[in-house]
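Across the two complexes that follow, subunit A remains constant while its partner is subunit B and subsequently subunit C.
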Partner chain A sequence: MSTILSELAAGIPQTIGITLASFVVAAVLGLPLAVLRRSEVWLVRLPAVVVVEVLRAVPPIVWLFLIYYSLGSTDQVRLTTFQAAVIGLGLIYAAHLSEAYRAGLNAVPVGQWEATRALALPRRQMYARVILPQALVVVVPPMATFAIALLKDSAIASVIGATDITFQAVQLTQQDLNGLGNFTVAGLLYIALGVPFALVARGADRVLSRRLVGS
Partner chain B sequence: MNPESRPLLALDGVCVAYRHHEVVHDVSLDVASGEVVALIGPSGAGKSSLLRAINFLEPPSKGRVVLEGAEVGGSRRSLDALRRDVGMVFQSFNLFPHLTALQNVMLAPVHTLGVSKEQARERAMRQLTHVGLAEHAHVKPGKCSGGQQQRIAIARALAMEPKVMLFDEPTSALDPELGAEVLATMRSLAAEGMTMVVVTHEMHFAEDVADRVVFMADGRIVEQNAAGKLMRDPQHPRTQRFLNAVRNR
Partner chain C sequence: MSMLSEWQDYLPDFLDGLGVTLELTAVSLLVGLPLGLALALAMAAPRRAVRWPAILLVEVGRGAPALVVLYFVYYGLPQLSLTWSSFVCAAIALGFTTAAYTADIFRAGINSIPVGHREACQALGLSHSKELRLVVLPQAIRVVIPPLVGFCILLYQGTSLAFAVSVPELLSRAYSQASITYQFTATLTLAGLVYGAISLAAVALMRARWPRRAPTVAGAALPPERPDRTNPSWETTSERRER
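Moving on, here comes the complex of A and B:
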């Protein structure tokens, strides 16, 4: 058990790296997608809708193959497995997160938007100072859920050769044929890595809702 | 026209429509500097729609809004210029719940007007003092009474140093007692010479504080007159019916 653990531990940095980097990409790109999707102008809304729906409709593993073996292996561009995984998962989760953001933005009462308009607040300040702090309270719980889902989906990166936990478990099993032991430990590792996300999410949720009501 | 007689704010043939359904029809109204105009009328008359057309929260489907002789255009820049000069107070306050009273009041001076933080803080404290809430500066709206919240909202609008203040039923969400403190604040604003357009169901306020009362029904101005005159001696049957109904309630 402890030898398995020490073998698989070699994959932890990749798993965490892919998860965190993809999450940052998703969290940043999801916001413009959400804002565009709420536009009153359909010509602005439509491209955002198409992008979000296409990203979510194609299986993640297909995206990773597509990015790594075609777009990422031309003469001009050569992506590492890590980069390909982060781009693919980052984009897919940007689509998921944009929907969570959209729900958060929709949860901010109309009167708040109107007040910022009546005060002629510039768009950036409107979002940064008024809208997002209130939307965040609604967005944090689903964000945490997506972070944990992303952690699990990061295992897909092993099929294009990213040396993560799952990759290590596959390698090890090819040598010792102890699939049960190796993948059980891999599973436990994923559970353990997910715990901090859940705790952080919970803490953030509590702090945010307190900030919103209390003084 | 010489500047003395030029109205501060002029609505000229303003219509408001929601999805091609017109609810305000061809309203023209001049507001002089320092004048307090009360807009009264039955529910659904289009009072809020008209008021919101003034600062383009509901862009007029037809007609012109003219502030200090300059017509408001549809561009973002023109709208921002208008909104800097026109303060708005909502029925439901619409304070920012995650910010303290002081932060609520400082926000737009800093980010819309570009006033320095220190100056904005001073300005905000002056306005909070003005509405009698200096000691609530560091409290969030959630901890304040409805009346206090509405006075913070008034301070927030005043901190922009607007030329006109719009009020949409500012006391309708409040108990009479809390409404009274808001009305007192508005009364003193009027006494200081602030130009105000006030949609209200408070007939006493309209009669005592307003210079002019405008009665609207079915999306049109039915009758307008000096406040005392319209309230005591309405000419139009529709106005008489409305005032009787309100008084007998």
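Moving on, here comes the complex of A and C:
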């Protein structure tokens, strides 16, 4: 058990790296997608809707293949497996997170939006100082849930050859044929890595419910 | 234009692959749904010896990546001198993952039945099995169907993982065509279009049928729908019922 763990541990930095980098990409790109989807102008709304729906309608593994073998293997662009995985998973989860952001924005009471308009706040200040601080607290628990999902989906990067936990487990199994042991440890490792995110979600949930009771 | 003519050559092979994909989806559901319901009932059982193993299975099934579960079955079972085809391995693994995810959906459905109904059953002296069969499950089924349909779409996409154990499904066909012709862009785009077209059509049908629900296609796991005091459209179905 401990020997398996020490072998698989070689993949932990890659798994955590892919997960965190993709999450940052997703968190940054997801917000504008959510804001655009709420636009009253359909010409603005439509492209955002199409992007989100298409990103989610195709399996992650197909996106990674397209990005790694097709877009990332030309003469001009050479992507590493890590880069391809982060771009692919980052884009897919941007679509997912935009839904979470949208729910957060919807949770800000209409009166707050109206008040910013009554005060004639410029659009940037409206979002930065009034809307987002209120929306983001609501968004934290679903974001943590998506982070766990992303951690699990990062295993897919092993299929294009990223040297993560799953990749190490496959390599090890091809040497020692101990699939039961190796993949049990790998599975437990993923579950353990997800625990911090779950704690964040629970903590934020507690803050949220306290706030709701207070108001 | 050249891509279109290439697609014509690929199409028959890809449609065969799509057949395997759909078959794998169906078999995984046949394995996973009854097991998921059983796990949900076991999780609600009064006895700890029944409840805890069920909770453990569901937590592991939802917590470990589906790909790791798939490899566990594919590389692990031969150690127990069980050698099955890669299709059977994929069906077992995806079936187990399906069971874990749907167990949670079923449990939420069962919990959405007002307590009064179960108390009424006890007051009438109905047996536990009659209480479930005649009162709880018929009501729970209606609550769970929309999220189950959403999960089916996820599962359909998830069967692409079976590529990793070389089940000849849609993505495998695309990849093997590409490794012969080196046309990665053309083959993978066509595969993506086939996956996407069916997923989008299914999502559109689902939204037409259950318009009030939040969109349900998500990569791996859905965050639980959270009740939101300010916006009634985000109420969970169970809350709406209680009112």
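Here is the rule we use: the second predicted complex is superposed on the first by the 203 of 215 C-alpha atoms of A that agree within 3 Å, B and C clash if a C-alpha of one lies under 4 Å from a C-alpha of the other, contacts with A are read in each partner's own complex, and residues count from 1 in each chain.
Here, a contact is a pair of C-beta atoms (placed from the backbone, for glycine too) under 8 Å apart; a residue touches a chain by one contact, two chains touch by 3 or more.
No experiment lies behind these values; they were computed from the predicted model shown.
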{"item": "Touching partner for A:Leu119 - first (subunit B), second (subunit C), both, neither", "value": "first"}
{"item": "Greater subunit A contact set [subunit C / subunit B]", "value": "C"}
{"item": "Touching partner for A:Ala100 - first (subunit B), second (subunit C), both, neither", "value": "second"}
{"item": "Contact residues common to both interfaces of subunit A (with subunit B and with subunit C)", "value": "109, 212"}
{"item": "Subunit A residues touching subunit C - in the complex, by the definition given at the top", "value": "53-54, 56-63, 65-66, 69-70, 73, 92-93, 96, 99-100, 103, 106-109, 138, 141-142, 145-146, 148-150, 152-156, 158-159, 166, 169-170, 173, 177-180, 182-184, 186-188, 190-191, 194, 212"}
{"item": "Residue ranges of subunit C in contact with subunit A within the complex", "value": "59-60, 63-69, 71-72, 74-80, 157-158, 160-161, 163-164, 171, 174-175, 178, 184-185, 188-189, 191-192, 195-196, 199-200, 203, 214-215, 217-224, 226, 228-231, 234"}
{"item": "Subunit B to subunit A touching residues, read off their complex", "value": "55, 57, 79-80, 83-84, 86-88, 90, 92-100, 107-108, 111-112, 138-140, 142-143, 156-157, 160"}
{"item": "Interface residues, subunit A side, partner subunit B - complex", "value": "109, 111-112, 114-115, 117-122, 125, 129-130, 133-134, 211-215"}
